[in-house]
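This is the structure I have questions about; it appears just below.
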Amino acid sequence: MLAGLEQLIATKSPYKLASRAFRERTIIRIGDVLLGGDDVVIMAGPCTVENREQLLQTARGVRHAGAHVLRGGAYKPRSSPYSFQGLGQEGLALLSAARAETGLPIITEVMEPGTIALVAEHADVLQIGARNCQNYPLLREVGRTDRPVMVKRGPGCTVEEWIMAAEHVMSHGNMQVMLCERGIKTFETATRHTLDLSAIPLVKQLTHLPVIVDPSHGTGRRDLIKSMCLAAIAAGADGVLIEVHPNPENALCDGAQSLDLDEFADCVAGMRLVAEAVGRRVPRRELVPA
Amino acid sequence: MLAGLEQLIATKSPYKLASRAFRERTIIRIGDVLLGGDDVVIMAGPCTVENREQLLQTARGVRHAGAHVLRGGAYKPRSSPYSFQGLGQEGLALLSAARAETGLPIITEVMEPGTIALVAEHADVLQIGARNCQNYPLLREVGRTDRPVMVKRGPGCTVEEWIMAAEHVMSHGNMQVMLCERGIKTFETATRHTLDLSAIPLVKQLTHLPVIVDPSHGTGRRDLIKSMCLAAIAAGADGVLIEVHPNPENALCDGAQSLDLDEFADCVAGMRLVAEAVGRRVPRRELVPA
Amino acid sequence: MLAGLEQLIATKSPYKLASRAFRERTIIRIGDVLLGGDDVVIMAGPCTVENREQLLQTARGVRHAGAHVLRGGAYKPRSSPYSFQGLGQEGLALLSAARAETGLPIITEVMEPGTIALVAEHADVLQIGARNCQNYPLLREVGRTDRPVMVKRGPGCTVEEWIMAAEHVMSHGNMQVMLCERGIKTFETATRHTLDLSAIPLVKQLTHLPVIVDPSHGTGRRDLIKSMCLAAIAAGADGVLIEVHPNPENALCDGAQSLDLDEFADCVAGMRLVAEAVGRRVPRRELVPA
Amino acid sequence: MLAGLEQLIATKSPYKLASRAFRERTIIRIGDVLLGGDDVVIMAGPCTVENREQLLQTARGVRHAGAHVLRGGAYKPRSSPYSFQGLGQEGLALLSAARAETGLPIITEVMEPGTIALVAEHADVLQIGARNCQNYPLLREVGRTDRPVMVKRGPGCTVEEWIMAAEHVMSHGNMQVMLCERGIKTFETATRHTLDLSAIPLVKQLTHLPVIVDPSHGTGRRDLIKSMCLAAIAAGADGVLIEVHPNPENALCDGAQSLDLDEFADCVAGMRLVAEAVGRRVPRRELVPA
């Protein structure tokens, strides 16, 4: 058992390993950036890996515009069993190819214990999707890997339940956990979900874990994403996760909430300025031709 | 592919196999009762299987009071990894023993694909817990079994998302699915969740599936359970799922929302009268000494 | 100051005059029925008073089918200033005419302090609409009248805030207050609001006030109203408030949630049976030709 | 009728006068600042006017730290009729005295039609509180004054319902309307409400009205206010409304969500930097001894 945990378990706090009483700050290396320190980390890419050309075009584009991590779904949890469920293993291979070409580390979702090993061969960060925020067997199994894990907040989860999801991962030994706010269910219908930015300072007070914000799922509206990225960074987020597609109108999934490459570049430029205003920075990658 | 499905997939309705356009009514046999017809089915038992005596005492008590199915958790999804997680395989064995003694069929939760086969050895109905309502790999795997499946509504799920969970199960071949309303997350704090009884007639219009109501989780308050059971049956529910504990004050889990055996008997008596008022009946088991 | 109030104010309970610690039960006479005792009171009528013929036809119809109180809006709070705002004073006169002809007492909404006296000339019960649940100056002024007051729950109000609205009325001297559950705002979009039937037993435990349920606004769907009426009575409601229109398709307002006269008669028949099943009754008016 | 309104009424858009189809941008003068243009306007002061010393000390302090407008409640809508309801007319007189001494214009709440004239004698901006967001008679009457009006979003109101509240004011002739986001009711309990910052860009796309954010009521937590102020400005808010008290621990009302003067000064300093990062500025008042 980890030093200090035993005493913490005796306390009333529901958070033990995730608590700031256990540790001051967690910094996670992803490729050549450090998440959770002074840098603001930008993760971008398509909702779904559709094909080689779409993925590589997006990867090159977001890298050129300043992204540090490439996101893309190979396994997609879809409300309907008749919708496209992702390319699966083929999608993972394409993500690996995109990393080889651009140098961008990969974050992608893992949906079930049985595919963790396979996903971990290709992914630098394992993403637990919002629908699986309280899927404890899955949290247990990613807790037994050595990969950083991003736990997305369930749309019906309180901040406490969400942090407890991180605690589940950590209690199995994996301390490299980051939390991702992506909107909660409310009565408001003008946006897909209600992005809860107050969760950023709240989580940073309660825990030592880095906090990411996903304004694409959080609002479901392309025209709100830049504003919410700037707000997230002003509120103290350690990173953002943005859906970008070279041609949002033709996306197989979630086009209505994807930026195109020009919009993404404009968004990154805005984030640089706000990051500096709050004493942080968006690290620049040297823009070698990719 | 099932007859009629192909045409349904071409329609705009999100529900295909679950839709009333596909089938008029689904009736599911559980032990010697039929769920989804004129009978109202009562499922009762402890939140968690704690030990042999607690389980058998409850099983005998609820059988005597009129229950048709015994519920009890062997695998418990808990917000905290440090809480009691259930007796697991030992709990399953105790549930089998309780069925052997009382004749009551068993409903119990299955949390991950890897334990479905084991749980299905002991359970007459597989329960998908509210937190797993959108755990599609788990829904897929129970969809490949021949056991009836109860899909609990996720506390953050719309009626449509919940029915789509049933559709996931059915799309893998298992048509014996029942839905269980157990409350949604709202701003109200006087109750644990807000029990959405309007979901009963809504689901019965949209689908051919039986609907169960769980007022224990839906309200989180012992003093509201009887009223909500009567209301559920008046609204057209096909059954109820009630937490009963011989000694709620000492329950390991959810005592605040458990009825004791006398309260349960009183609740059943009330349900008999309301069921008759709406043209249905709570079938009586012959009260042989158990 | 009322006897017992001083001590109650010293207690921590937020409810004083509304509390069951102050009084066991409040029974309110409306015309010739008693609300809050064993009887279940049915209030029915159009959302809006449109014209003499529509109102009288509805009044005769609902009386014939068993209603005890006629509802109808003369002053209508509308989200848009460009929508029909009700007939105002002319509508009140028509309501009085309908009472004269049918003998049914009248419940109608009052929206501002300045028109209370006028409305009270025509109304037997003053309704505080959901949007005014926390309009304290309005609550204060109806608290200074001698008319029974129905306080509808605000769609964003907790049970506690709603009971406190009643407390505001009562603190100004008017103890004839009834509460009306009419649905809260949630993330569910299949229904207009989510009808919170658990509020019925909850309010009856906390207060001595009668509880009415309005399934028309609570669900916004004509096809759910009967089920919700039966559920409300099974859960212990003292009455229901139902929108009825002789020709819902042509209603100026809220046609989608109005029953026609045949559906209303069928609903009343169902309520009689459920009321008896829970030891209450829907009083019959002698069916003299009206 | 205003030019252009007639055609707009014929359109399907629910917003007419508030719509960007009617006007590009509304700029409102408050004292010597302009709201709705490039400047970010800071409104600060106590929840409740308690006494002369408390008010003047706060007014001097917030002026010194950079506030442009003094807020303070004389009439307080309180959930309980037994809580302090504000100093009323005496509070208004103290607000006038504070303006005379500091030069800061005043924003204060008006709760009922009957006191509008009195409040307007003292206030530069009339505030419609969140509980009155759908109190249409009150909106009508402030719509007949010549004072700027701030409409706070009801905690149960969608963005559309909130904009329609502004439309009610404007339809009676008063075009000087600003909207204030102050949090909505959700299932999250770690914060008092959930501050919906996505409403800022949304309202700015749909309307020409200035948008203010109130993080004090929006979060209910002093330790989240600075982060939410910075986020609001990054997201495009035209101003903020902040509760400040010289001694929050002893505040009569809402101390848990009030900044002290040092915290407020630190918050203003942060806002200056973020405003500049998004191409705006917090105007500086010359710091003459007040």
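Letters A, B, C and D name the chains as they come in the text, with residue numbers starting at 1 for each one.
Note that in this section contacts are C-beta pairs under 8 Å (C-beta built on N, C-alpha and C of every residue); 3 or more make two chains touch, one makes a residue touch a chain.
This is a predicted model, so every value here is computed, not measured.
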Which chains sit in contact with both members of the pair chain B and chain C? A, D
From chain B, the most remote chain by mean C-alpha position: D
So, in whole Å, the Cα centroid of chain B is separated from that of chain D by 49
Go ahead and note the Å separation of the Cα centroids belonging to chain A and chain B. 35
Which residues of chain D are in contact with two or more other chains? 156, 160, 184-187, 189
Contacting residues of chain B [partner chain D, same complex]: 185-187, 189
In the complex, chain B residues that touch chain C: 156, 158-160, 184-191, 194-198, 200-202, 205, 218-219, 223-224, 227-228, 230-236, 270, 273-274, 276-278
Counting only contacts in the complex, chain B reaches chain A at residues 9, 14, 16, 77-82, 111-114, 131-132, 134-138, 154-157, 160-161, 164, 167-168, 171-172, 184-185
